[in-house]
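Right, I'll just put the structure down here and ask away after.
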Amino acid sequence: MFDDGTYLIDVEGEKVGEINGLAVVGSGQYSFGKPSKITVSSYRGKAGLINIEREARTSGSLHDKGVMIISGYLGHTFAQDKPLALTASIVFEQLYSGVDGDSASSTELYALLSSIAEVPIKQSIAVTGSINQRGEIQPIGGVNEKIEGFYRVCRLKGLTGDQGVIIPHQNVQT
Amino acid sequence: MFDDGTYLIDVEGEKVGEINGLAVVGSGQYSFGKPSKITVSSYRGKAGLINIEREARTSGSLHDKGVMIISGYLGHTFAQDKPLALTASIVFEQLYSGVDGDSASSTELYALLSSIAEVPIKQSIAVTGSINQRGEIQPIGGVNEKIEGFYRVCRLKGLTGDQGVIIPHQNVQT
Amino acid sequence: MFDDGTYLIDVEGEKVGEINGLAVVGSGQYSFGKPSKITVSSYRGKAGLINIEREARTSGSLHDKGVMIISGYLGHTFAQDKPLALTASIVFEQLYSGVDGDSASSTELYALLSSIAEVPIKQSIAVTGSINQRGEIQPIGGVNEKIEGFYRVCRLKGLTGDQGVIIPHQNVQT
Amino acid sequence: MFDDGTYLIDVEGEKVGEINGLAVVGSGQYSFGKPSKITVSSYRGKAGLINIEREARTSGSLHDKGVMIISGYLGHTFAQDKPLALTASIVFEQLYSGVDGDSASSTELYALLSSIAEVPIKQSIAVTGSINQRGEIQPIGGVNEKIEGFYRVCRLKGLTGDQGVIIPHQNVQT
Amino acid sequence: MFDDGTYLIDVEGEKVGEINGLAVVGSGQYSFGKPSKITVSSYRGKAGLINIEREARTSGSLHDKGVMIISGYLGHTFAQDKPLALTASIVFEQLYSGVDGDSASSTELYALLSSIAEVPIKQSIAVTGSINQRGEIQPIGGVNEKIEGFYRVCRLKGLTGDQGVIIPHQNVQT
Amino acid sequence: MFDDGTYLIDVEGEKVGEINGLAVVGSGQYSFGKPSKITVSSYRGKAGLINIEREARTSGSLHDKGVMIISGYLGHTFAQDKPLALTASIVFEQLYSGVDGDSASSTELYALLSSIAEVPIKQSIAVTGSINQRGEIQPIGGVNEKIEGFYRVCRLKGLTGDQGVIIPHQNVQT
């Protein structure tokens, strides 16, 4: 899937409003991590944050909660003086099975900020981690599988030595 | 159906806001591709993109997701300076069985752009392929059946030598 | 029902915003065509096209789709320069069993145009036929039963020699 | 219920925005007609016609359809030059069992017109009958039980000789 | 519950926008009346009457209908010349089991009027009774249990000789 | 969970718009109290109070009712002269199991007021208690388990001598 180009993912270069998120697929002995391209389109409008997965009924409650927490963070940080006038749509590209959990909420926020500020994100770095309304990172589960998943994709696409993963500091074990 | 004029489809000439999409009907040994006329009406308004299939409860989650991705692409591309003031309705004409999947999202985007820009589309070309929020084409399934389906319709309607199919480059096998 | 005046239907004269639509009731050996008075009220407002059957949960998906296609046609045809500022409600009068299918969508459009333009429609003519977003007529089923149904009502109400039925050209068999 | 004052109903005098509607309760051998006080409150606002029974989930589809037909009639008749700016709420007072059917739609329209125009309605007259978007009266069922029901209430409250019932002309049998 | 201060209720003094409503809990031989503190908060806004129980899915259809009738009464009485610009939220405090029926609608209206006009209500008086869109009181059920229920609370809190109950005149038996 | 830093909670210092709420988890013999970080983001907007748990379908009816009571209190207290122009989102951070009951409504109000006024809250104090539309505290259940729960977290994080719990006065037993 990743090696035949069926699944569009970049592990090199920089892109605005695009990021590699990490999700866990399967369970127990055979669970593995699957990187997902998350994209954000932000533009003039008043609709605020559009969680496309929610609109398409492919989002679970905890993913919805995560996106609304991002929205609260955004208002708290940028709308103290005047209201946000923004439409931004978030989506997991080529994800056909639905999404749940909040383990991508920090990742979604980074793609959103990249899109709004037009600051590119290194595609060589995949990100996982939950976030709260104050922008603090919260730990998530399945960190090893997620790292291995991204490593596997990079190996297929070509290891550059620059590739890596950002995980919550609480998930780091020394 | 196609030869007795019951199903309205053009395989010659040019039309604005109309395109031949390709869907797969049936499964396994007996699956075949059925071309569908997709039309878009765009006009003054503020409703944005109206997915008629969704409003009529004849659209599945993945088709809904595809149309919302088109909407994100549209905002990203054309609404950086001022909000879109547009109503556009997309429909699969004479489709009575409902639609799902994202394999027509690029096709729907082309019909939308044709309608907005009033640029005609060659009806001799049928299109299949998924699209992401950045406008990148993503591969789809059942490509052979879809090509055969359009060929069959063209043979019935009259082969002109100009007819063909646009498929995602990832689906091309050499 | 038609002969005792229980069911209000005109087969003579002209009326604005009223038309005789043709629906098929029953199935197989005993199916028959039942004419229905469709009325449209159009007036100042911003609600657009109101499908009363949908609001009352007496409309199926395919009928809903048909009315939204009319709405797309209307915008495409009349709202290129400025938005439509119109409220128009469509209803099948004295229909207590619900409606589905798109075989009355052209009929509904004619009643709508009659109401907006205040141009009367001959009540001696009943109409059946589906329509797409470009205003092209699409064929429908049960044409014979529908013609017979209207003929039966005309016979009861009084044959004038001016009565007839408009059907899609694709349904004409020579 | 009617004789001990539990159920508030007037069979004498005049009132604005209030009318005696006639509904059939029960079925077959033991069906009987029960008069219901229908009231309308109309005032400044933009909400249009509020069908309180619908909002309270005590209204069936056919009753909903009837109220929307009244709304279409109202727009057709009074909003050709400028939009209606009106809020009006319709309710069956002291009806705890829900309402369905369109046999009170003309009655509801009269109460509405009375409320808007501040013209009183004789409470000695009870009304039944369906109406279409053009304001034409349509026949209804159970006319005898309804007449008997109102007669019974009048007898309990005191026969004045002025009391009567308005029924659709199609329901009159000579 | 009432004697240990768990349930907040006043049976002396005056308060704005607060009233003691009477509901019947249980059924048959063991039914008893439970007084409930109803509060209304009214303030600047455009949301109209907010039935908090409905928003929280703790309100039955008949209670919803009752609150909408209050809303109709309010518009009829105060919005003939200009639209109401008001937000007011009604709630049964410390009621965890949900509410149905219209036996508190007059009570709710009094609390609403008290809140809007800033006129205090005597907490020594509990109220029960339904109301229609014209502000007429309608009788309710379980009047004895309700009176006994309030008496019991007053006895626990301290009988002052000023305490009493307002019931619909139709419920008075001499 | 609390000692390994998985669950983000502060039991020292001060923060704006953040508070330690107390919920009861489990039941009977093995029930225990689990402190939850509640955060509020308030900013310019017109959406009013956003109950994120409700939007994510992780909130029960009684929790919804509690948040709407806070909203009524807010309007009553601050919007007598002009409408509130405020968006504020409330969430239980890192709560994946949903929330019900009104035992955190006073807690949520304090976090809201802290966020609006930018006045910090001592994180050494955890709060439990229900509130009504007048801002009066109402007693709640499981007070001992809640106190023990917060004590346990403080012991793990480090007892400072300043830590404590605010409970409804009705829950105090002497």
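Order as written gives the chain letters A, B, C, D, E and F; numbering starts at 1 within each chain.
Just so we're on the same page, a residue touches a chain if its C-beta (ideal position, glycine included) is under 8 Å from a C-beta of that chain, and two chains touch if they have at least 3 such contacts.
Please read these numbers as outputs of a predicted model, since none were measured by experiment.
Visitor: Supply the minimal count of touching-chain steps required to go from chain A to chain D.
Guide: Shortest path length, in steps: 3.
Visitor: Going by the stated contact rule, which chains contact chain B and chain E alike?
Guide: Under the touch definition, chain B and chain E have no mutual neighbours whatsoever.
Visitor: If chain A and chain F share one sequence, what is the angle of the rotation that overlays their CA atoms, in steps of 5 degrees?
Guide: 60
Visitor: For chain A versus chain B, which are copies of one sequence, does the interface use mostly the same residue numbers on each side, meaning over half shared, or is it different?
Guide: Interface between chain A and chain B is built from largely different residues.
Visitor: Could you state the distance in Å from the CA-based centre of chain B to that of chain F?
Guide: Distance between chain centres: 50 Å.
Visitor: Chain C to chain D: how many Å between their CA centres?
Guide: Measuring from centre to centre gives 29 Å for this pair.
Visitor: Can you list the residues of chain D that touch 2 or more other chains?
Guide: none
Visitor: Line, ring, star, complete or other: which describes how these chains touch one another?
Guide: Chain contacts: single closed ring, each chain with exactly two partners.
Visitor: Can you name the residues of chain B that touch chain C in the complex?
Guide: 4-6, 8, 17-18, 37, 39-46, 50, 52-53, 55-58, 87, 89, 91, 93-94, 96
Visitor: Would you tell me which residues of chain B are touching chain A in their complex?
Guide: Per the stated touch rule, the residues are 61-62, 64-65, 68-69, 71-73, 75-76, 79-84, 130, 132-134, 136, 138-139, 170.
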